[in-house]
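In the two complexes below, chain A is the common chain; its partner is chain B in one and chain C in the other.
And now, the complex of A and B:
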């Protein structure tokens, strides 16, 4: 087992544990902080897999912008005033069982399918090469994504504004 | 040499299942949107590993698009949640039962 393999397994354990802690907490602020740890782990995983630009973007956008947005909303509205009631156990027990079945079947398929035993080789996608590839092959998708972000901005502004009279 | 490709797929699958669990079990709109984020993150990990597996940049490009879509989705989703909270005073999806 190489050093890289040890790093991968440690990072995978950290990601799974922090995500598992996050989805079971009651306090939403704790949830967000645990998820920030999870996304930092993902960013390091991206770096390990040779995507330094995506690692930086993951930290900036996921762990930075998106989680801070959630934190704003959680702190803006008083979430601790009401108690969250979970769905009754018998309602989500089938979901959990089917999820476990899918996980087992997926693990079996992944471990037996040819091509999945290939060891990942260390490689590095330089940000310049990544940017050139992106803007040569996918410039139209970039434009569409920028349009989508603009629409999202307008939509969020429209939904979030305070109405003078609440009559709609 | 890092690890077999299948181990990364299993990690991504576990993350995706955790996201589904979060969406289906938690009775709080904010937690449901967070579950979607967890699912997207699992998919991103699978994409980056596939980019390394086939030594091709296409997977990394897709992760960039996933990031952008996640940002747009979160901004609109949270604006909708705040709007619904102003009208009903609750995050419980079972409380949104008025058409007016």
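And now, the complex of A and C:
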């Protein structure tokens, strides 16, 4: 095992454990904290694979912006403790179904793919290369996504304004 | 293998020196702030421990280390204990990408005077700064006290709002330097510091930086006269000390960022490079203390209006103008 492999398995373990903790905790703030650890682990994984830009973007956008908004909402809501079982049976069924399908497909891919024995070379993606690739090949998709976000923003503003006016 | 060991040793030594300097400087920044603020308010400031009160930071540290570490009975223990560490660690780690010289040649080896030159250095600083918000928000929530919660929520809202202005104000600097690496940005200022060509970006960055480090006039998360001490009301001993440390390390890192992004970093005549960086950092810190001694606290709506309606549009216009000029 090389040093990279050891780091990879440690990070993978961190991600799996924190994600597992995140979906089993009752306390919503704890869930957010574990999820942040999980995102942080994924960011480290990106860095290990030679994509520092993706790593920092993962931390800035997912761990730093989206989760902080979740935390913001959760902090203001009074969290109730639920008495019922953590996972009732009717929730287990779809989880198990999807899980089995995922496992089978994953096993098939790992066993049948010809490339899985080859060690990949470490490639370092510079931010410039990443930006050029993104904006030269996928500019249309980026414009559509930005427009969608703008529409969502305007919609949120409209709803917020309307509610504020109703309150007065 | 030998090469690897030598490289590792150099890294550890660099980390040790930088951490030591950061911690010492944080302690003495508190002294400097108290002394300078006292002078602005026509007082003496600390003057009992040692000459000019110079031993005051050491006395304070010993006091904080030996005080009882209290966790309130109703607090969420896990998060309560975690929050101060998040604030201090994220602040300390940010310094890893700040260069304090070009390089040192020792026994035929070139040692770059920066802990690590990431090609996304600037974004790394933002990533850590956005994680620092968690310390404030979680500390406020976990204390299970109304004042702390209000402080935590204010802190989170303020920091995510001003992070946008902070990031946008630096886009023109990145455009001019053509790189996210802070070493490259300093090298791009070999002829002239960026403050000359980007005065607007400099002003926006300074204001947002003050808001990010939650200092007066932006200290709503800890506003003493309305919230006790805000998010760290319930903390005592060294955990309070860690919040305090995080705040002053943040002050240093923002001073260092202003220095490397706008004032030419370690560049300067005659004196050795680290001394220049140090002087520029202290200069920025003094300006921030001066502002603290001069301006009253903003109201919450004024704070949000300044961030969203003034700084962010200004920063966007600045990006467009810079882009147009670069294209021509």
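Following the convention adopted for this analysis, the second predicted complex is superposed on the first by the 136 of 168 C-alpha atoms of A that agree within 3 Å, B and C clash if a C-alpha of one lies under 4 Å from a C-alpha of the other, contacts with A are read in each partner's own complex, and residues count from 1 in each chain.
Just so we're on the same page, a contact is a pair of C-beta atoms (placed from the backbone, for glycine too) under 8 Å apart; a residue touches a chain by one contact, two chains touch by 3 or more.
A quick note: this is a predicted structure, and the numbers were derived from the prediction, not measured.
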Simultaneous placement of chain C and chain B on chain A, clash or fit: fit
Superposed model, chain A: greater residue contact from chain B or chain C: B
Partner chain(s) touched by A:76 [first = chain B, second = chain C, both, neither]: both
Contacts of A:16 with chain B and chain C, given as first, second, both or neither: first
Contacts of A:65 with chain B and chain C, given as first, second, both or neither: both
First (chain B), second (chain C), both or neither touched by A:30: second
Partner chain(s) touched by A:137 [first = chain B, second = chain C, both, neither]: first
Contacts of A:57 with chain B and chain C, given as first, second, both or neither: both
Partner chain in contact with A:103 - chain B first, chain C second, else both or neither: first
Which superposed partner A:145 touches (first chain B, second chain C, both, neither): first
Least Cα gap, in Å, left between chain B and chain C after the two complexes are fitted on chain A: 14
Doubly contacted chain A residues - partners chain C and chain B: 53, 57, 65, 69, 76
Residues of chain C touching chain A in the complex: 76, 78-79, 82, 118-120, 123-124, 126-128, 130-131, 133-134, 137-138, 140-142, 149, 152-153, 156-157, 160, 163, 180
In the complex with chain C, residue positions of chain A that touch it: 27, 29-30, 33, 36, 40, 43, 52-53, 55-57, 59-60, 63-65, 68-69, 71-72, 75-76, 126-127
Footprint of chain A on chain B - complex, ascending: 1-11, 13-15, 17-18, 20-22, 24-28, 30-31, 33-35, 37-38, 41, 44-45, 48-49, 51-53, 55, 57, 60-61, 63-65, 67-76, 78-83, 85, 90-92
Of all residues in chain A, those that touch chain B in their complex: 2, 4-5, 8-9, 12, 15-16, 19-20, 22-23, 28, 31-32, 35, 38-39, 42, 45-46, 48-51, 53-54, 57-58, 61-62, 65-66, 69-70, 73-74, 76-77, 79, 82, 84-87, 92, 95-96, 99, 102-103, 106-107, 110-111, 113, 115-123, 125, 129-130, 133-134, 137-138, 141, 145, 148-149, 151-153, 155-156, 159-160
